[in-house]
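Chain lettering (A, B, C, D, E, F, G and H) follows the sequence in which the chains are written, and residue indices restart at 1 in each chain.
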């Protein structure tokens, strides 16, 4: 069963948001994804969020740009943890609007915000949340973290042997 | 009949938002006001916005602080013009979050944003909108603007006669 | 009769500002447009704004970049609602100067500010203002909003079926 | 058993961070808390994070101000979900340094960032994470969210009956 | 004859702007001062600026806060050098709006901008401009600069002898 | 005799700074130009500024990027009016560093700051300063301003006749 | 012999800058201190910096606010390492001007910048620099760092035993 | 023996960081370099920093982008002076996150921060630090500074003879 719902405000967010899909594939976590616009399809957003628990979702990842209301409004409608991805979209002021619109939620309705365009980390965070009750997934995440170390180890010789011309 | 609906995310926004009420009183425009939180009472917000036209409202003024989603979400649910007032509330980063969350709406769903804590201007703007089909109100607004000139004229002697010590 | 006046500080603002024209065409709202510079042609600006009501205008959309004084100065000269479009022009600091110069108007003289380069929303907002006394236009705006929903519905399969490689 | 570990960079962060404790008490979630400085006690930080899983923790909440490295470094050492609270401490530039130091983590090592001084939301988020495998806790969170609605309902009469003097 | 015209958008700017008066008194430069609001009294502003040369003014100092259009609009109407003072007024976002509204003038219409609340420097700059054709004034300015050196010399012992407790 | 000295921190500033030369040529004002680095050639800077009056200069235009100390330090050494041009050079953070380093001078030592990359306005401002004692130059500046109006008049038909496709 | 020279732009910087003195006292490093203004006493600044090596100084700590040119200009005149302390003085825009004026030095002339009002760290850094050739001082710094750990250990019980009311 | 350790968070930082290597080569200072990620290889970072003194290093240069914790964490583990280079990497918000994460260190643990992408200055600063006990190196740095003057002298004719077309 898909435990993670990935939503984004526009198809133009897909190149950023697919990083969440990619890392969830790597970690063996099922997900579903769709486009929901807080401002263009508010009723669909409300339905999606209200029914999320009964449909079996455990975590929602929501990405949006500009005045990014999608993550916060989904969090308003559900008790599930919601991860927000600020997207530096074409209609964004260097990403500041997306970040502040998602991060600065009022007391009572949290959104777990990741870095600008940080969909990969959103995926990892979703897996970490699920892993709080899934020790096999926790082990896969620990292996994944070991892999990050190896990647550094494998590339550092480029720097160690570098002679500036 | 009240033509203007004034809503705010929290009772703590009242000291700012009452400036809208005050100037609408001066201009002879009826209004109603209430507290609606986009994040704490999303269903009430949706109902309010969806039924606004049928209840006889012509303009909505919405004020909120922090990740201020109220103006934009109300605009998502209604075809009425929505005026957004960024409030520099306690949980705001110098007001930047409120401003950007309200101003940077995506194409298709405008919010008429006024200055930080600019509820007085929100009230005047609401009156100007109604005055596009109400010549008597237009005249009262023009008188109001004349009054602004007089106030400058009446106070400028303080500066003209000032001798720095 | 043209109800909306669209003005901009420079011909270089046209690629941004024509979005307002385009959406007003879609919504069936007449408009006129011209170039007026607050700083280069202040007298023409004053004449334009002072005579706007008698020439039959109901709403003015003004776009400008950098130290963008055009919207606020037009608002100083007329009781009509003025919509300001901050333009991220070549001589702008990432748009912050345009936004703050237009948004932060003093109490008494509002400008209805939309997003950076948000001329499309300025057009929609102008239509919404006119629709407060034109139920047929209101219906066209409501259809337009339905169209936004359909566009999301039509494109979401791209995301739903996406498999990251 | 305490599932949530709350750490902060300095005792001066306590007035902010105790909001996390308070809401976890309300939601019936056990926690432990201590002071760990990334820069003054890096070894203790490494030990705390490395042993967190074996000590039975499921979520870590870390709050810090200025160049706030504590949340990100703890996330470097553990596979548990880490929630970061940017604190607007005395040595912070309006909170921007705290926010960016916590939010902008590189791909591979997420921190779930909440609003500036948003410790209350950090506590709720921790509970939401634990509730992904604890339906009773989920119900308590849902009741808590209902309580937020009631609070709005109970206070809105202040605004509805307000007459600006 | 008064060579310098000092104007400000509001009497509330006087505590900042009187520093210009004070230093012009010290340097023996005549000035006149009044309140002119770009947004509330645009016609008076246009008259003031258009007639400035014929009334004998040589330099204009204009101070304003928020969306500060006064300096730039005066510069639009006159060929005299205009010095702009961004004022951190109550309705300003930490002064950023005042600074950018005054500084970022388009090519063709300069405003000589000084620091936030920097009216004292505006006065000195006005004197420096007049001194380009007044050698006695130039000498007074040079003496004034010598005085600045002396002030440092007279106070430095406080620091040189300081023993932190 | 050349009345205006144009200096810049690096030859890489020339594409920006030559706009000052160009407009001074148009206005018939003589100038000299050179490269002086506050940080690389501080002694040459001190000599240049200290001897500026005796060499016949009346105004200095100084452009620099990044931590732009050239305008302020030149102003420290001379009683002449100094115009500062913040340059958005390669080593600048979107120009903010250049702007703040030039604008925020302490009381006593003004720099007349123009817009980011606003060298053209620096040239016009220099001419305006000289024109306070040169009525023929003042007339040329007034003609120049008339030319700005004509340019708007000549291009506005592009916008007036525009039909968005 | 005093190895560290501490200078500041104004006596008003003393409450910030004395933290450098205090920590150098703790670490047993001799220093001298005085007031030097880059803009008011540029010649004294040039003399101070040019003669610093011959007077036996090894490190210079320079603190200033606003358009803070003192650290960078001192670095222009000497080959000694210069530590810059951005001071959030009265004439500063939340410290951003001080930070950027000191930090963003051009290639060739570094300033070792510490945090806003971070004079204590400037003192420690000066000691660390001297300790590169003084093993006894290095040991004192290491003891000092151990002391930081102890301070955390001694205060953490406040947090560990805290019960939010 | 190599006295300077150059580390960076990722091989992608090499194009920026090699400027430090290049200038150290020019100044005749030995260095070693490698990749260490605070977040991906925290244990290697701790080992590197803890053993730095015993391995003979005297100064560490650390460059990183985004939430740049490497310089500050290395400073936490060693008493050596640490120079931080904020890198405007792909995952950085115009460099603001890198700058603030490195600069705003808490009292007790300094990082000597240089300009954004300022690795060349980091190299010079490292040499200046070593030169506090190496008069020959000090002379080479003084020659280097003379060379900066010559470069200005050699290029200024481009500007002096420039005729804008």
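Following the convention adopted for this analysis, contacts are C-beta pairs under 8 Å (C-beta built on N, C-alpha and C of every residue); 3 or more make two chains touch, one makes a residue touch a chain.
Just so you know, these numbers come straight off a predicted model, no measurement behind them.
Asker: What's the overlap between the neighbours of chain B and those of chain D?
Answerer: A
Asker: In contact with chain A and with chain E at once: which chains are those? Just list them.
Answerer: Chains touching both chain A and chain E: B, C.
Asker: For the interface formed by B-D, which of the candidate pairs E-F, B-C or D-G is equivalent, sharing more than half of the contact pairs by residue number?
Answerer: The B-D interface is reproduced by D-G.
Asker: Return the distance between the CA-based centres of chain E and chain H, expressed in whole Å.
Answerer: 42
Asker: Taking the mean of the C-alpha atoms as each chain's centre, how many Å separate chain G from chain H?
Answerer: Whole-Å distance between the two chain centres: 18.
Asker: Between chain D and chain H, tell me the centre distance in angstrom, where each centre is the average of that chain's C-alpha atoms.
Answerer: Distance between chain centres, rounded to whole Å: 34 Å.
Asker: On a C-alpha centroid basis, what's the spacing between chain A and chain F, in Å?
Answerer: 48
Asker: Could you pull out the residues of chain F that touch at least 2 other chains?
Answerer: Only 19, 37, 40, 66-67, 91, 93-94, 96, 99, 103-109, 115-116, 118, 145, 148 qualify.
Asker: Which of the chains are touching one another, listed as pairs?
Answerer: Going through each pair of chains, those in contact are A-B, A-C, A-D, A-H, B-C, B-D, B-E, C-E, C-F, D-G, D-H, E-F, E-G, F-G, F-H, G-H.
Asker: Looking at the complex, which residues from chain G come into contact with chain H?
Answerer: Going through chain G, the ones touching chain H are 19, 53, 58-59, 79-81, 83, 99, 103-116, 118, 120-122, 124-125, 128-133, 138, 141-142, 145, 148.
Asker: Applying the document's contact rule, which stretches of chain G touch chain E when the two form their complex?
Answerer: 8, 11, 14, 17-19, 21-22, 25, 32-37, 40-41, 44, 66-67, 91, 93-94
Asker: Using the touch definition from the top, list the residues of chain G that touch chain F in their complex.
Answerer: So the residues of chain G in touch with chain F come to 9-10, 37-40, 42-43, 46, 65-67, 69, 72-73, 75-77, 91-93, 96-97, 100-109.
Asker: Would you mind writing out the residues of chain F in touch with chain C in their complex?
Answerer: Chain F residues touching chain C: 94-96, 99, 115-118, 145, 148-149, 151-153, 155-156, 158-160, 162-164.
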